[in-house]
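The next part holds the structures, each set out as structure tokens.
There are two complexes below, and they share chain A, which is joined by chain B in the first and by chain C in the second.
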Partner chain A sequence: MYRIRFHGRGGQGMKTAGRILGTSFFLEGFDVQDAPRYGAERRGAPIFAYVRASRSVIQERGVIRRPSLVVVADDTLAGLPEADVLGGQSADTVMAILSDVPEGTWRSRLNLDSPIVCIPRPDAIKGYAGQAMAGVCCAAVAARLCGSIPKSTLARAVREELGFLAPSVLERSLSEASRMFDSLAPYEAVVRDRPDREFSCDNPPGWVELFHDAAAVAAPVIFGGLTSRLLKTGMWRTFRPVIDTARCRRCWWLCSSFCPDSAIHVGDDGIPAIDYEHCKGCLVCVARCPVHAISAVPESRGVRQENGEEAV
Partner chain B sequence: MSESGMQYRGMEDFPSTRLFGSGTPMCAGCGGLLVIHQLYDLLGSDTVFINAAGCMTLLSVYPYTPFRGSWLYTAMASAPAGAQGVRDALDILLESDRLRREENLEVVVLTGDGAAYGMGLSATSGALDRGLDFIYLCYDNEGYGNTGQQYSPATPHGAATSTSRGNGGFRGNKKDLFSLWAAHNPPYAATVSASEPLDLARKVEKLRSLRGPRMLLAFSPCPTGWGFEPAQSVMIGNLAVQTGIWPLKEFIGGKVEHTVLPEKRLPVEEYLKRQGRFAHLFASSAGRDIIAELQGAVDRYWEGVR
Partner chain C sequence: MKRLLLTGNGAAAWGARLAKAEYIPAFPITPQTEIIENLAAWIDSSEMPGRLVTLESEHSMMTAAGGAAAAGVRVFSATSSQGLLYAMEMLYTVAGWRVPFVLVNVSRALSAPITLEPDHNDVFAARDSGFIQIHCSTCQEVVDAVLLAYRLAEHPDIRLPVMVNLDGFYLSFTREPVTLPDQQGAAEFVGGFDPLGMAFRAGAPLSQAVAVLGGSQYSYFRYQQHLASLQALDVYDDLEREFFGRFGRSHPAVEAYRTDEAEMVFLMTGSFATKAGNAVDALRESGIRAGLVRPRLLRPFPVRRLRQVLRGVRGIAVIDQNLSVGKGGILYTELASALYGQENAPVLLSFIGGLGGRDISGEEFIGIARVTIDAIRSGSVPEPRLLYTADELRHIRKLQAIASVQQENHCRNHE
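And then the complex of A and B:
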């Protein structure tokens, strides 16, 4: 069985990647499961999609804990515990990552002995507008690395899954998939079709007895306000707004009024400050500031600037 | 109506404190969340929000809440019925001196357009019949956004949704919820857009001075469902007002008054062309006909206003 896990951010087409790959396997006569994980399926938030493909009936269910292939669309996820990119990886798990950072750096950063395929990010997915194309590219990566899917089948699956889009988008998707597939010829079939696991090798679950508590104890009542602040939605950002306080005119805080997430607060000095723990990077503030005192900076550069590793 | 005695004359009268909590799982650039936080900054924590199922289901997922006060979750069609129960309970506590006057809470229904325009309409009409004392906030993102933007009775004619993928987009027409409310002759009903915070604040101020069923119908641009960059969320609201597609108006004292009259209306294309859901209209002559139809409907509406 092939067990493939896609990691990306909302908006990068991970669900689509799973569907294209799943359909490709299906067209080749495999038994297939493909499903994204239910959760905060929001733009920028970590997204997971899973594909299982087997020559026999698939008995496994649920999320993939022991992947044979992990495809990472966005290398900034590698450092996020919530994204769990490394979860369940073993010595023969192949990790394919779309990244301009060299393979050796990833090997030492992640302390991995297992195979890493580092694929330079195609131009098509760079910048804000091209994000959605990452899914098609990742499907092509997985198809080539698994080796059981001819290019013509991949193209058929892309047509089947994206046929409802505008013809120009479909054509671009097909050409990106084709280019990615061709570029990975040296990695054909590096992911092995492993025999399905015997369930007898799994330990029986440790049952936990749940007692019937009184409603006052068991009902999901929240007694404290504002607990949502414990959720750090700042990790959704791909771009961050940065305020140039020298240019800020201390207007009546348009940025703060228009921030959908209440993530801009105004200090006693009248200067707004952005709460980066919660700012999702929607950039409404950048668009609204009348004197253009807020700029959008790629998140990775913003982090380096915050740490003093790069000049502002 | 005279503006004298109004608290919100300019942006400088606005609260600078953000009362609504960060960390909610709504999409980046969510127009619905924007209107909720603007309203909450004005209403404050002496409120109970009764939430019909929809995107905002995810506001308060145990044990997290962005509210300072209370929130109650109901099924999609029954938020006004839930509000009736909460209002009645508060009234009984007040009458029996178990709640002090200053501890009274404002009951606010929070609903998306799927529930407000469709399956929740019957319960809403009933609450209007009974004169229930509540605020009704509908964040209208013109489709079932939480489940992938299927069409709703609030979807505009011609828009592509995940259930209207043909060349013509959605074949139906957007239901006029404001007029349905006005037909019930409530104390107050208004349309708002978070892109016009001053207009919104003035309306909230008026509605707070009244009792009974009071509605705010909020234009809520949806980056995910409508296909535009989150950063443009407020600009899409501006354009909806400036093209005349989203009239800002209120129903008070039995009369409809427009609170913003666009001096020179922009062509509807300016609004449509920035959204993926209307992109197909620009690709064929049949689509061009639909754009002309939409422009005609907007023109006819404003003819009636002048």
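And then the complex of A and C:
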């Protein structure tokens, strides 16, 4: 059985990736399961979709615990515990990541011995409008890496799943899928078809007895604002607002007043600062700033700039 | 027949379309909404005749469903979780009206705390309403069960509403291969709706037999619902055989998987049962005679069938994806009452798992089997167990720490 997980953000087409790959396998005669897993259901929030494909009837259900392939559409998710990109990875799990950061960097960052396929992000997905195209690209990545899907079948699946879109969008999707598929020829079939049974009869389930806790613990009063500060909603961003302090007129109220998440604070010096741990990337501040001192930067570039890996 | 990839929601919508449902009162709720969206799109594009009306609540939706069925119209509706409970008053009422229609429930655990994922407390809350209940474990079963449900509901000896249950997420949003009956074959199987004289019209007031007051009358009519429901056991068997003859798929009232010579069996409902089947295969390979028993019909409860398939089994692990607070697993209680006093009755073990959509792993099924075999050998039956791991508890303690919950004097689960 092939077990594939697609990780991305709401709006990047992960459900579509799952459906295109699922349909591709189905057209090739496989038994298939594909499903998105929703959570926050917000644009930019981490979501994933998964696909199982086997030559025999699939009895397994639910989230894939031990993936044979993980495809990451957005490399900013790699460091987020909430996204759980590394969940259940083992020595023969292939990780394919759309990223402009070199493979060696990912290998040392993630401390992985398993295969990593680092794929430069196609130009088509770099702009804000191209976000949704990531799904088509990821489906093509998985099809090539699993190796059981000819390019013509992938194209047929793209047509079946995206046939309802405008012809121009469909054509663009087909050409992106085709380009991605062609570019990965050296990685044809690096993902192994694994046994249908993913669990071992020898591992104990790890149960624990659950004892009664006092109501003060089991139905606690949650104390005030502490918790919302600890919940870092900054991970929902696909784009981040960046303030050019040279341009900022220090009006001190527009961007911070309009920020729906109170994530912009104005210091005593009158310079606004963005709390990136809680900014969700709605870009209201970008729209509101009358002197255009705030720009929208793709999150991946923002992270690199923050780490000093790229000039601001 | 056509084989294609469909979600459980898509399969439910196809069931309604193939059965030629004429009226669909609707109200959206996650994870059911996709059913309504599918039907609305088909009706909008004239691929499906019929009328879909969005009501202001599930309570009104259920009233409209009952009223339309009483007018002699074939009705389909769907809901989930909080929606089903909001309609609860009318569930009992329309069952009392003895009006036939099909309601799909997409299981989702009840608030609070909140989750979008499934367990069966929503559908079990409607257990005593008078609705017949069919529980599915694959997307294929969903479309087939809707067709069977119309035959059951409209049968002259039964005439009760039927609920078809599928799990949210694990079926509702999961695509898998489904073989769709062709429209003509489905229409021939389901047949036309003969309302048997029911002809409720707003302009021509009439009352049905249930418009009575008082305990004696109430007892008669309520018990007649019960007797009608019990009729559905034999009728279902006949229909299921007819369905198999026509479409080649068998959906017996109680599914028995590898129960031949079984020493222990898992007993459960819903989509996780396919995972139990996987575990059964692994256990059999390692020499443990395991099996799986899955009642599809929950109301009426197929007592005779269950006794038949469980004959000779020495231990049963009942896995309840529900919790009657203050008692335990509902299916466990139901099964105990069915087996009490039987000769050589097996030991019964209770496991609570999958609450709020929490997964049940392959390792856990193997663990459950081992505990059950131990109980058979020792004759000592352990207390009911919640399937919960040390890792999960550690996660909860972390969340409590973030919330600054003072744990020192109140927790017994220390590391």
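Assorted remarks:
Keep this in mind: the second predicted complex is superposed on the first by the 226 of 312 C-alpha atoms of A that agree within 3 Å, B and C clash if a C-alpha of one lies under 4 Å from a C-alpha of the other, contacts with A are read in each partner's own complex, and residues count from 1 in each chain.
Simple rule for what comes next: contacts are C-beta pairs under 8 Å (C-beta built on N, C-alpha and C of every residue); 3 or more make two chains touch, one makes a residue touch a chain.
Quick caveat, the model's predicted, so the values are computed rather than measured.
Of the two partner chains, neither chain B nor chain C is touched by A:T105. In the superposition on chain A, contact of A:V217 is made with chain C only, not with chain B.
Once the two complexes are overlaid on the shared chain, A:S56 sits clear of chain B and of chain C alike. In the superposition on chain A, A:S175 makes contact with neither chain B nor chain C. Of the two partner chains placed by the overlay, chain B and chain C both lie in contact with A:L230. Applying the stated contact rule after C-alpha superposition, one finds that A:C282 touches chain B and leaves chain C untouched. Annotation: chain A residues 220, 222, 226-227, 230 touch chain B in one complex and chain C in the other. Within the complex formed with chain A, the chain C residues making contact are 5, 7, 116, 169-170, 173-177, 271-272, 274-275, 277-279, 281-283, 286, 359, 361-364, 366-367, 385-393, 400, 402-407, 409-413. Remark: chain A residues 19, 22-23, 26, 31-38, 58-63, 65, 197-201, 203-214, 216-217, 220, 222-223, 226-227, 230 touch chain C in the complex. Taken together, the chain A residues at the contact with chain B in this complex read 10, 40, 42-45, 128, 164, 166, 220, 222, 225-233, 236, 251-254, 256-266, 275, 277-278, 280-284, 286-288. Within the complex formed with chain A, the chain B residues making contact are 10-12, 14, 16, 18-31, 33-34, 37-38, 45, 58-60, 62-69, 165, 194, 197, 223-224, 229-235, 279-280, 283.
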